[in-house]
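The following pair of complexes shares a single chain, chain A, combined with chain B in the former and chain C in the latter.
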Partner chain A sequence: MKATRASVSPIAWLIAPSALLFALFFFLPMGLMALISVLSGNPVVQSNVTFTGKYYARILSDSYYFEVIWTTIRIGLFTTLAALLVGYPLAHWMARIRGRTAYALLMMSVLTPMLTGIVVRTFAWMALLSDKGAINQTLTGLGLIAKPLSLMYNEFSIVLGLTHIYIPYMVLTLVGVIGRIDERLEHAAQNLGASPLRAFFEVTLPLSLPGILAGSLLVFALAISAYVTPILMGGFQIMTLPMLIYQQISSSFNVGFAAALGMVLLAISLALIIAYNRILGMISGQRDLQ
Partner chain B sequence: MSAAIDIVAVTKTYDGRTRAVDAVDMAIREGEFFSLLGPSGCGKTTTLRMIAGFETPTEGTIAVGGADVTHVPAHKRDMGMVFQNYALFPHRSVGENVGFGLRMRGMDRAMIARKVTDALAQVELVGYEDRRPGQLSGGQQQRVALARAIVIEPRVLLCDEPLGALDKKLRQSMQFELKQLQRKLGLTMVFVTHDQEEALAMSDRIAVMNAGKVEQIGTPSEIYDRPGTRFVADFIGDTNLFRGEVIRTGGTCVLRVDSDLSIELAEEPGTIGPLSVALRPEKIVLTAPGAHAGQGLDGIVESANFQGGSVLYRIEAAGRRLLAQQPNNGSHELFQAGAAVALRWTPSDIVILKD
Partner chain C sequence: MTSAPFSLRFGRFCYLAFNVGVVVFLLAPIAIVFVFALNPTPYIQFPPVGVSMRWFEKFFASRDFMNALWFSLEVAVLTTVAATLFGASAALALARGRLPGSRAITAIMLSPLMLPAILTGLALFQTYVLLDVGRPTWGLVLGHTIVSIPYVVRTTLAVLHNFDTRLEEAAQNLGAGALRTYFEVTLPLTKPGVMAGAVFAFIVSFDQFPISLFLVSPGHETLPITLFNYLKFDLDGTIGAASVVSIVLAVLVVVGLDRTVGLRSYAEL
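Right, the complex of A and B next:
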């Protein structure tokens, strides 16, 4: 027995608190949610609770829920794509910039969306995008459009708002990865006859795939679980899964159904993550990516 | 195939003030092994990067094979380059690395495969096509980088301290192989190094650089035996430097260093004012004191450093410390620390330097 005690590495004691936290606040709630989603009621307050699949059956039977789930995922995908398309060039620029001041300025401008409150941010978007907002006023004034474009309170504005706040996550993840790619690799490619653009696609892009993967997953996970921004930017016109779950708990008191919806969201996210990982791994030919 | 490189009055500043490369002129001949030698930060890499096209000169022009390439982008210059850390593509196999340049040139697969095999044979890495660079040793990576650069049959091969990361033994054998390959292919080679032994051993000609400027261009023996400046004499090999006033008496010219030491000069320096001269340690002959003949001094051996083929002495003489090197070939008396010795040399071994 003495031998086993001695073999416990001191590191284990350092890991123990975080492992405990992880179990308590991650696995336990997750397990409870899974359990509640298949129980007919709350076992704490009710007797004769049985196992049931009725919540899942309800989700499958009504296309409305399918719509909500699909909308949520669509918003997540578009947000991720937009954040990647805007964030990648920005991150590349930041990773390669030489001056310290220029880097600091860029970093500050990337972080501003995180530093402004959500209400302020939403009002700023409203001032820009609403029917009487700056963009529509300008376009009508110039005679380019007859009636205002609907830019606010729809999926477009939700994606815009989400992209705005989640771009920093994408950029910061990518800057780290791109910054570690030796610039000389691009130079080597150019020296061998690749144009700068070709060198980017042959060398930098494949080598930054782990960053693209990490950044995309982060933004996607944040976007599909966002609650406040979709409400404010969507003006309650668009229903997403987090809103639906909140509604089920707060107004319908249907915890079991909410849990089932949560499980569905989780399952879909996991499936997407695995598929995405596979595809990127295949494109880059890097088996070690997974 | 191979081409000459003409660098004319090239200056480069990164920040608009300090000159990383300062009014450099070099005429590198076709098929020549040309080294850029100098201490870290003297502008060797910057010069090479301008030749490769990764940097544009702030002033001046660079021509390859007679055509001005100063503003031609890197990917259109048709030059091979071996980078300081090899810069192999970590996500591609050895074969793909070597074939990269050929693929960029639109060559068909079968042809690429054949050329890659040939190039890998040149560097003795047959059968390594499918490995990743990360699975190779430093020396093997170095060979892959070399194969990748020569397979495109470049007009010029540029190397930035390619052997810097290898251990001494491997470095020496790679020096030999690199030189062989360069000669066999008749390549114009620009080779950057801070290692003077490497430069002396491999080069047809060497440009010694200091603080962005070229101090001297010459063959290894010119650089070593007739250093033009105080910096070159000091940087290349061990040397004894003296500085004094030129005094002309009768037909002879003497450098008066101080009251204890005057050195006879074989030639008239042609300048007035203070002057520096150099004397290589191996040009000094040590004998037991008394047997006076020729220019010389008497001194005490401070330390004798046995180096195998020779002995390097530190000698206290005329109030200063001098270096003297004697071959260990049986015809020279060997001295211990503390021994009294006479130092002799011929005036023609004294090299007059510019500051």
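Right, the complex of A and C next:
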């Protein structure tokens, strides 16, 4: 015991402020949320508060809530898939591009949308897709359509907006991983007779799997907790879990039910993180990357 | 096999065309925002009919928007200072403190990135309700700080892991104490990482939505919340002007980053 204590440097104490902050303003609130989700009322203002499972029973008994949860997950899955399919080639290009200026320009075109803010980017998509938006006005102006196409207020527009918003996270995660893969491995495969496409699918793609997983997890976590884009692009027609949670607080002031819904969202996120770590462990175990 | 060179060139062409398409997809909506901000008509019109500054005048003359802009800047500055102090010192402890279980602690420090921010907002809101503290500015700043710390920890850790520890050892061999080594060797060398983290903290706070949604008090809102409330009912050029102002701020930050510390270092965020 003494040996380990001696080897801990005094610098270790610098963790203390952050540890305290996280304990008080992150873990304690999360714990309180878990507690509130099983209490019948607010223990500070009410006296006869008891434990109850009624909020969870309400979620389980009504198929509406299942529908909301499934919509949230479905939007998350489609967004993740779209961001991966669109973001991977771009990340590959960025990782392999030679010129520093070209790289900087690409990096800027990825970072600029990322730093633009969710509300602003959602506004941009509304300006493009709404009934009087740029696309409909152009098509009407050209005489191609008589009345505006309804491009907004459906799940597709939500996924489109979210994909645009979260692609940068996917690209930035992938660029680093693809950049670390030795290009000579691909060249070796090609010298041995593989086509560039085959070399990519059998060498580069499997080696970038950790990045694909990390990027996908990040985008999925962001997409299922999105609030602004589903509301504005969905025009209040499509309900997701974060919208339902906020509605419980703002219009019904049902804190207990909001907490229970929050716990469902937390459970989904935690399940994903655990699955991610498992899969990552399996991959690196097989290949002994570290 | 005579067709191989052609299929190779064709594949290369598709690859480039697809990627250029993705870049256009990323940037086009932002370009559209500029068009609407400069367009003089009170509703969205495309193609644009002219150039005017009226929406910018309306934005800068609006008390609601200006109050929100200043409040957002205030919160972002406070968050940046707090997140940088907490995050940079935590990163140093994790990289140099020889802490037992530092991998697990690192994972915990980064966890706000992986958990939905709306949960942090909801949980803090419920805690403040239970403690009956109302909706103070410090409560909002601490919420923003929690979700900004991971960025500072990541950028600082990246630099600390990459640098030559022999420099620190050399300083100590030459008689410098732990504190002096830190201030004269470690700190100057980790500055790019800490600065990058600070910039990220600022942006994260300035654009933060889900946490603010739960923690702002009515009439005292941050810019994203004010924009969102405006967007629910109006779709005129004022939003475009407000968007352009925040885009210009963002681009200035990115260009500044590239000039001062270079962009390669963010490839891992």
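Everything below uses one rule, namely that the second predicted complex is superposed on the first by the 235 of 290 C-alpha atoms of A that agree within 3 Å, B and C clash if a C-alpha of one lies under 4 Å from a C-alpha of the other, contacts with A are read in each partner's own complex, and residues count from 1 in each chain.
Throughout what follows, a residue touches a chain if its C-beta (ideal position, glycine included) is under 8 Å from a C-beta of that chain, and two chains touch if they have at least 3 such contacts.
This structure is a prediction, so every number in the text was calculated from the model and none was measured.
S.K.: Per the contact definition in the header, classify A:196: touching chain B only (first), chain C only (second), both, or neither.
M.R.: both
S.K.: Which chain, chain B or chain C, is in touch with more residues of chain A?
M.R.: Counting contacted residues of chain A, the larger count belongs to C.
S.K.: Contacts for A:21 in the overlay, against chain B (first) and chain C (second): which applies, first, second, both or neither?
M.R.: second
S.K.: Quick one: is A:206 in contact with chain B, with chain C, with both, or with neither? Answer first, second, both or neither.
M.R.: A:206 sits against chain B, while chain C stays out of touch.
S.K.: Check whether A:64 is in contact with chain B, with chain C, with both or with neither, and answer first, second, both or neither.
M.R.: neither
S.K.: Looking at the overlay, does A:184 come into contact with chain B only (first), chain C only (second), both, or neither?
M.R.: first
S.K.: Is A:126 touching the first partner chain B, the second partner chain C, both, or neither of them?
M.R.: In the superposed model, A:126 contacts chain C only, not chain B.
S.K.: Find the residues of chain A that appear in the contact set with chain B and again in the contact set with chain C.
M.R.: Overlap of chain B and chain C footprints on chain A: residues 196.
S.K.: Flag every residue of chain B that touches chain A in the complex, lowest number first.
M.R.: 52-54, 73-81, 83-85, 87-91, 100-101, 104-105, 148, 152
S.K.: Any idea which chain C residues touch chain A in the complex?
M.R.: 8, 11, 15-16, 18-19, 22-23, 25-30, 32-33, 35-36, 43-47, 85-87, 89-90, 92-94, 96-100, 105, 108-109, 112-120, 122-127, 129-132, 142-143, 145-146, 149, 178, 182, 203, 206-207, 209-210, 213-214, 224, 227-228, 231-232, 235, 239-240, 242-243, 246-247, 250-251, 253-255, 258, 263, 266-269
S.K.: Provide the residue numbers of chain A that touch chain B in the complex, in ascending order.
M.R.: It comes out as residues 182, 184-185, 187-196, 198-199, 202-203, 206-207, 284-286.
S.K.: For chain A, which residues are in contact with chain C within the complex?
M.R.: 4, 7-15, 17-19, 21-22, 25-26, 28-30, 32-33, 36, 42-44, 86-87, 89-90, 93, 103-104, 106-113, 115-128, 130, 132-134, 137-138, 141, 164, 167-168, 172-173, 175-176, 179, 196-197, 217-218, 221-222, 224-225, 227-228, 231-232, 242, 245-246, 249, 255, 258-259, 262, 265-266, 269-270, 273
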